[in-house]
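Going by the order they are written in, the chains are A, B, C and D; count residues from 1 in each one.
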């Protein structure tokens, strides 16, 4: 049995693990992310790696990071939330640890984790959608991560859903992310609580969960209320699911995947999300119901997907 | 030097050629397509193949056909315009000719032709869009045709552009094909000629080209008038280009291709199409102008792309 | 008690009646509409009028016609389905009958009928929407028909609902009529029957009602199936109602009417239409639920509205 | 010659004038608006009125205020920016001044001013659109202000332009105001300056006018740059004009007005706004170019329209 290290660099924490060939995490550690401090983050990645490497004889290190990673799996070209610009992350971590390192986009790492050891072990072609603050995406095609000509393929959350639609953080309008992200969910919930007629049901329970302040309603509160049976919360999740399913209908035409895997915080809603997603997907399939198309699954590895996927990708 | 045969099965003709390792067609033949006659079409494919095989010592045959082809490159699962349903085309042609055969989707074949010997020889990741009666698509990723879990990936013309938009022949609404195909172009031209205020300029020249009958305006007439400088015709092509460029903006986020290649009859408009496509693409790029993205090129092999690509794919 | 004659000029029949001051029709007659024959239609209007005038001592005649009527209530400027262009209808009918005549738009006449003697007797401001082959409209404001600067106000079916949306017979795209008319309903029903995935439920019952031919499905068949409980038919009506309610939300902001009255063939669906219309309207009210807004009612005079309204308008 | 007082209650100032029968303002005064202080605002209105009434023998007072005014021209039911809820403004001002008072919606007052003494003196049916922070509207039909069943008609900025479009301050999505207001203009300008690819041209000049801070770009800066010939600024105004013209196309079908009058701060752009508005309107006319439709004019009374209109409406 050989071991590799996976490091998942998130906005609030850096989590690492030693991963065996079967995708099991046999040792873990973590650090807080020193925000906006480029060298501090690299230092923390090195520290996490050293701590784990001291315990097991590891062959290679995979670092999963948000942002645009170059096709050589070596540099972070652009990572908005980490203040990184064209950072030679692979070489810096490798020099400091003496281990071979590869850098991967975090969504790609998570997709690989689910593909190899999680929800999509049985297919060759899968699409991952992570529905959290934004909508992330990654694509495994014919058993390989699809990275694209510049290493930045799979930005599925920025397919345009609505011409001249809602503003997206990316600078365009009408992206999937502007409709189907946790941020959009919360925005709608707060609008409903502020009196918008656009959403049916009463905001009473959501406002109660938010301690009386409509402006404090969060995504987990919407999920909680929906699971209690609250009509407004369920409507909000169903509306998000409708957009997600419509987007997935386009992804079926584009990729013909064997499976969709849905992860991210909003996926905690479980069947309350998945059922209307499948309903919407079914209504957006070109060729009707007479053709095969992808199954839809919830991610099964949770937050471990990034660690496991990065560690395993580093072996390839 | 070894040879293979490529056969391009179109709605009106079946064209075949002997293709060498460098993509050159060294012999050709063609038959009319016996419409709606399943066995007749197979017979014509066989006849074309035999005629060519009698002239050169060929190793393998590639047949490019519209429709859903199975992942085993063997069966035509569904081809609306050819009346084929689950046809074992590979085995039938192989049995009748004594040659090894593979079946490919025609857009995939054309994309492969352009990728290996045409407009996209210099990239590893390309997206082909054929803008004709419909909008076809094919994707080469990391040097391979992307076929998907069921063999039917790359139906790029059926990404949804407009929620609740115009009806598409596929049974859904708002697809790229409903806005950016030659059919949409002609529909708009005829509407303008019938007095719709929605399009600027005068329909006079288009109606003249159509012999006085607005209902006879065709795509080539729009191209001809546009090349003469007609304002309405140029507007119609620019409007189509706007939709195509918007779709391509999404494809950049999804695929991160090295190049787009645009073929099909509407591509005969050349720069009148390409310039506004590039302008629209530039305005639909997530991440703004500070990231690399695909170049846009016109297809260079014309109608030969399908023959050359099918022949070459058969070797792989 | 005084009497007036109302004549309703439809595409298939010309129906007339003698109407008393309370809106009661005390005598009736009708002729088939001589299609596409301008003078024939005028002749039939004259014949209907003479037949009625021979029975009662009438003071005035009101003729309700489709099309653009001039502000002087005298000429039909344009009536696409009747082949009329700038026809001095008032003077022709008056000369032939010796009676004073006024010409009104047929939707205005029907709205006036409902306003004076039907569903909207209790309000001063009402909006009529007739949902039939197209979507007609008429507006009573402060107790008066709103005719506009050129006599052609109230074309409510041509407010744009969807940018770059479905083609409308008027030459534009995305009009209310393209989404919320009986024609749109039938188009969607036939698409569902032809295998479109966009509509939930099975088309089995609709196809059965159409004698096995999906292309023969009609609006009344959809209503019949919906009333039987058929899921697809109910979905189709609910989808139409969603568009209609959204349009009405805009009309609330624009007109602040006291009541909406919905007539036309699709209104035969009754509560199956009205309930989802009210639900959609409620979700499209600017200012939320904390402001007064219009009630929604079904028309009560049926096909008599045009006769009664034209007759009564002629007195004003 | 008799005189009346008009008072225009704005968010930052309360401006009053004595107006003669010909619409001339023969005396003026103003106070700052005591923000969020209900009784303070009423007190300032009273003070303005008393000061003017001391100079001339006036017959009546018209007060124009933002918000929903009841049909009796007496109460402010709801005025979001003034913190008024169901305020008996007429009676309070009348009791304090001893003069008869009427209360009008401020857009209605401005429309009346333009209708009687400004840009629309020659028509009977006009639509006013004020394009400022929001998009206000008012409608004069057959020579009368159209107030609606509850006094709150003419909210033309809240007709829906885009289903599931951009968020509007009213709680809904996709309203005219969300696309064609000064607020939308500024939002787009700032997005362009922040690097959005969605807008052509360079933001350099706009950022310069804003002192180097993209977040400080204002509407007047966009107008200034556009008048200098800046490509981005002109594009932004043209995009706004496209939305406004599309909305006006719907208003033509709905109202058949004799004239549109465009006021508000964005109208300072003059022909840079008006020309593309007319172009867009022309392309959104049901019935094509073969029917009469409204002329489009800039407002001519500027900030005086509210004073003059309120004063004159008070006489009616």
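Note that contacts are C-beta pairs under 8 Å (C-beta built on N, C-alpha and C of every residue); 3 or more make two chains touch, one makes a residue touch a chain.
As the structure is a computational prediction, the values presented were derived from the model and not from experiment.
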(message) Touching both subunit B and subunit C, which chains are there?
(response) A, D
(request) Taking CA centroids for every chain, report which one is farthest away from subunit D. (result) B
(message) Suppose each chain is reduced to the average of its Cα coordinates; what separation in Å results between subunit A and subunit B?
(response) 34
(message) Centroid of subunit B to centroid of subunit D, CA atoms only: how many Å?
(response) 52
(message) Rounded to a whole Å, what is the gap between the Cα centroids of subunit A and subunit D?
(response) 46
(request) Mind pulling the residue numbers of subunit A that touch at least two other chains? (result) 162-164, 171-172, 195-198, 284-288, 290
(request) Sort out for me which residues of subunit A touch subunit C in the complex. (result) 163-164, 195-200, 279, 282-290
(request) Over in the complex, which subunit C residues touch subunit D? Could you list them? (result) 68, 77-78, 123-125, 139, 141-142, 144, 146-156, 158-163, 168, 170-172, 175, 246, 249-250, 253-258, 284-288, 290-294
(request) Using the touch definition up top, name the residues of subunit A that touch subunit D in the complex. (result) 162, 164-167, 171-173, 179, 187, 191, 194-198
